[in-house]
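Below are the structure tokens for one structure; questions will follow.
Naming follows writing order (A, B and C), and every chain is counted from residue 1.
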Amino acid sequence: MADEDDGKEYRWETGYEKTWEAIKEDDDGLLEGAVADIIQRAKRKRQSERHGGARLGMMRHLYIVLDCSEAMSNQDLKPTRLRCSIKLLEDFIDEFFDQNPISQLGLIITRNKRAEKLSELAGNPKKHIKELKGLHLTALTGEPSIQNSLELALKSLKLLPSHASREILVLMGSLTTCDPGDINTTIEILKSEGVRCSVIGLAAELHICKRLATATGGDHGVVLDDKHFKEQLSIHVDPPAAATRLDSALVKMGFPHHALHSTTETPMTMCMCHVESSEEDSKLVTTGYLCPQCLSKHCELPVECRACGLTLVSAPHLARSYHHLFPVENYKEVTYEGSPSICYGCRRVLTQLDKKVYMCGKCQQGFCLDCEIFIHETLHTCPGCATNPDTFQISSEKISIN
Amino acid sequence: MANGVEKSLLVIVLDTNPVQKFVRQDTRILTQCLDSVIVFANAHLMQKSNNQLAVMACHSHSSTFLYPDEKPMEVRQIDGQYEGFMMVERTVRQNLQKLIHEIVTNKPLNTESLIGGALAMALCYIVRLEREKAAGEKIHSRILVVTGSNDSASQYMNYMNVFFTAQKLGVVIDVCSLDQELGLLQQGCDITGGNYLKIPQLAGLLQYLLWVFLPDPKVRSKLVLPPPVKVDYRAACFCHRELVDIGYVCSVCLSIFCKFSPICTTCHTVFKMPGPMPTKIKKKKKNPDIVH
Amino acid sequence: MSNTISGKNLLRPTGLQCKDLHEYLKTRPPETLNKLYHNPPICLAVFRELPEIARHYVMRLLFVEQPVPQAVIASWCSKLHTDEHQKVVKILNELNIWKEASIPGGLPGWILNSTLKKNLKIVLLGGGKPWTMSNQLETDNKPRDVAFLDTYALERWECVLHYMVGSQQQEGISADAVRILLHAGLMKRDEEDGSPVITQAGFQFLLLDTASQVWYFILQYLDTIEARGLDLVVCLTFLFQLNFSTLGKDYSTEGMSEGLLTFLQHLREFGLVYQRKRKAGRFYPTRLALNIATGQNKPLSSDLEKEGYIVVETNYRVYAYTNSNLQVALLGLFCEMLYRFPNLVVSILTRDSVRQALKSGITAEQIVGYLHQHAHPKMIALGPPTLPPTIVDQIKLWENERNRFIFSEGVLYSQFLSQTDFEVLRDHALTTQVLIWQSERKRTMVVTKAGHDDVKKFWKRYSKGSS
């Protein structure tokens, strides 16, 4: 899907095209119908291929490697490559945790032929974003080293249990890399460990990056401008179909209570997350979440218990990921012939300008194009099915995993 | 901003399931509730001339919009009531009547009101208005659920999808429970920043509605309203539907189980037994070979 | 030794006062207010004009029969917003919406005005008598749709505006309308030939948005209403009934009094209602009449205006996609016209053109407001900010340029006999912060009028002590 968009950012980049031929007058010599058709096709294209029930890596562990070499001070992305990347990454991190709530993310920067870990794998977006913001003033020097960064990421990814999906995303601004050894062996190890590596090039396609990506099953893309950069990043928000060799396991998790219970009795205590940092937000509070295993207190979820290592989540955190597993089935596209008279979702009166309506295979309700897109991209619940006593429950039988 | 026309849209989802406990005790109560909700709806319209309203009925077998109708009704004043308010009242009553006539011929009644689906429809409607608004216009939308049914875990997924979508769209979900504490919908209020109220007695429904749910979310901070209640975010396990403190989560489908089982009942994945992983040690041995 | 300097802000233009409904009603005597509250439509209009918190107070009290302690009502508002609570209390008192009543325990309490309460309930719940214009009607065999009414209303209204700018127009306006314009001070008789010409206020009026224009005009009209032998309360009631009517629906004139029918004819002339014939027996309200009271908040006014047509670029060019002479003339008030095409006018904002406008009494605020009001949808879609900030700032700077004098009334002290005398008095004035200006060399100082007495007393004491 990404390849299809590549290079079509501007009309003049698509080469000679008889654009006027795409528009045809209807019998009355009007253009409305044809234009509506074109708009509809464009909307529809975005979500043409959707795969239901594929096995996804829910507990994602992603390292982002950010190039901080001299090449990042280039101003082809405004204001500079680094600033642009930081800005887009901030949005990316928020979006990432929104879509993958029980996943973890870490940041690595590379410059001066070295790799430094900016933040460890963790599930809290705020911390990463804080670190990222601090990068604004960092000195951009020397050359990057892909191998060193990959090795550094691998060191912590390797320790993860086998059921977790492991990924590395490299944002590469430089056209060179300075590596201590043979990067091919590193790629081999990554491949055998099942680490999926993707690269987004800010300058041009590099052979070694392309190889890294193809060998480990990741994506490789080169950005055209900041808009395209954002698109390239957003590809990595959705969980990738997990590599087949992932083991599945039952993971022990804690669902802590909100410690508000006895308002008179609760003593003021420090939360575990802030007990070590001498920062401004380490205060004594009565509220917080208590780990059900060791009763240590944490101020927000999800978090890994500092004391006993239990993963603490709240039920809605898990639920937020369910829609990947139970996607709404694609609707049938039907040429509009006067029925139904209104869209079942938004109650809009359908007219002849709506060339197509979309029927849900389960509840047989018709939807307009806009609702169809909204339901599949955002809502993930078919209003027709959800208001029908026979179909409202998402049955587990129909999910075919593996 | 001089140009920003701000609108406030209220979507009321009214549970009209006749099998609700309090309705079965006394059928007249449903009429009383309906009266209160209509007055409340009109009170919302009364606040500002550009306030908008939608009323939905939610049943065990379907959900439908009572107001606005696709074709606005022709009404003329018969008394001093404002024409617009009268139209709301007439339309709601007429459409509800239609709906109730449909029930009788239908399948056996179910106790479960499909509120999740009604909320999904409401969101579709809100998104449509958002899409159709003029440039520079702003619509603040919220949804009020008035229900006496129980919220069962069978709609869990629908609820959660709706709540997170509402959160993303900035739609506030308020819940007014007429009968019992509703754990799931309460979570929805907490996620979207809405108010939750289980009213102590049905007789004062209108006052409770006007008091707690009439103010726009923007003004709520200025008025003293009941404090947020503690929300129980514990998960219910998929096997026994019991709330658990520590559970086991399937890494593939995130189903929650209260104790370890070798096969996931949701996605049929076979799990490895927990414990130290021997493979890891082997890998560690391999590592020194690639160090340069 | 001291002389009073009288300074008046002669250069400062007097802003056009467009009162909102609240301000208008505030100036009415309580008896009139009470008479007005007997009419449900007015109650509804007043209610909607209240600040948001006040509306919630009224809603909460609507179904309470006894007075409620003031302390209880104060506790409804969060501690952080007590100032807003005070404001709301003041407004509710001013409009006579609630009154003080003591509660059996002796605590001071408030109780809603019973007339208002009764009629608000009628509006909300029904009951009472139907409004005058809602008699049953047979269906109109030639019903008018919304689009027709909109064009009609705008056409009629622009007629008035055209007359004001004096642009060539086939249709004049009635002598009655001219009289209102003269009364409102929007136009005045020319000193030589007695023909009406536009005034400073008139220019400012033209730059308002249509809804505000209508409201302002109606207010002026209402001022003269009693002189015409019409009853203010009846007319206001009718006006607000129109306000809450439905667009595109016909209403009956049956049962209306003679005075009201005259009033209707006036409204017809300005395009607030449409009537096919004088004696048609039915009329259609237009968008101008709807939401009339909300002139300042202008909720639906954007629907009324035709699509915005002005594009302002950062190079001070103003493109207006219009062929209306009126709109071009209005733009010409503060822009220099460059080219005119069949559907497009190109003009440029210059220092001279804007100063010209400022001189005729238009404020920078109004110019910016006008540009903002009529901004092209493309500009709105790009915004905010809708207008380029540089342009907005520059227009304001041009205005400030003219306001280099600050006038403050004061008292001049001069002819001091010694430098020490002067210094003592000056220092005193300085410490009490009443000094406006001083010159050591000329031994002259000016203090504010308010501080004059104090300084005078001090001087008397001082001179007595030293002599």
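To be clear about the criterion, a contact is a pair of C-beta atoms (placed from the backbone, for glycine too) under 8 Å apart; a residue touches a chain by one contact, two chains touch by 3 or more.
The chain list, named the UniProt way, goes like this: A = General transcription factor IIH subunit; B = General transcription factor IIH subunit 3; C = General transcription factor IIH subunit 4.
As the structure is a computational prediction, the values presented were derived from the model and not from experiment.
Among the other chains, the CA centroid farthest from that of chain C is the one of A. Central chain (C-alpha centroid nearest the global protein C-alpha centroid): B.
Of all chain pairs, the one linked by the largest number of contacting C-beta pairs is A-B. Inter-chain spacing, taken between the CA centroids of chain A and chain B, is 27 Å. Between the CA-based centres of chain A and chain C the separation comes to 52 Å, rounded to the whole angstrom. Centroids built from CA atoms put chain C at 42 Å from chain B. Counting partners per residue, chain A has no residue that reaches two or more other chains.
For chain C, the set of residues touching two or more other chains is empty. Residues 55, 58-59, 98, 102, 158-159, 161-164, 180-182, 185-186, 189, 193, 247-258, 260-261, 292-293, 310, 314-316, 318-323, 325-326, 341-349, 370-371, 374-375, 378-389, 392-394, 396, 399, 401-402 of chain A are the ones that touch chain B when the two sit in their complex.
Chain C makes touch with chain B in their complex at residues 40-41, 44, 47-48, 52-53, 55-56, 59-60, 62-63, 75-78, 80-81, 84, 119, 122-131, 134, 136-137, 244-246, 291, 294, 298-300, 302, 369, 372-373, 375, 377, 380-381, 383-384, 386. Taken in their complex, chain B has these residues touching chain A: 58, 60-63, 65, 70, 107, 110, 112, 114, 116-118, 120-121, 123-125, 127-128, 131, 154-158, 160-165, 168-169, 187, 191, 230-236, 244-254, 256-257, 260-261, 264-272, 274, 277, 279-280, 283, 287, 290, 292.
Contacts from chain B toward chain C in the complex involve residues 1-3, 5, 39, 42-43, 46-50, 76-86, 89, 134-137, 206-207, 210-211, 214-216, 219, 221-224.
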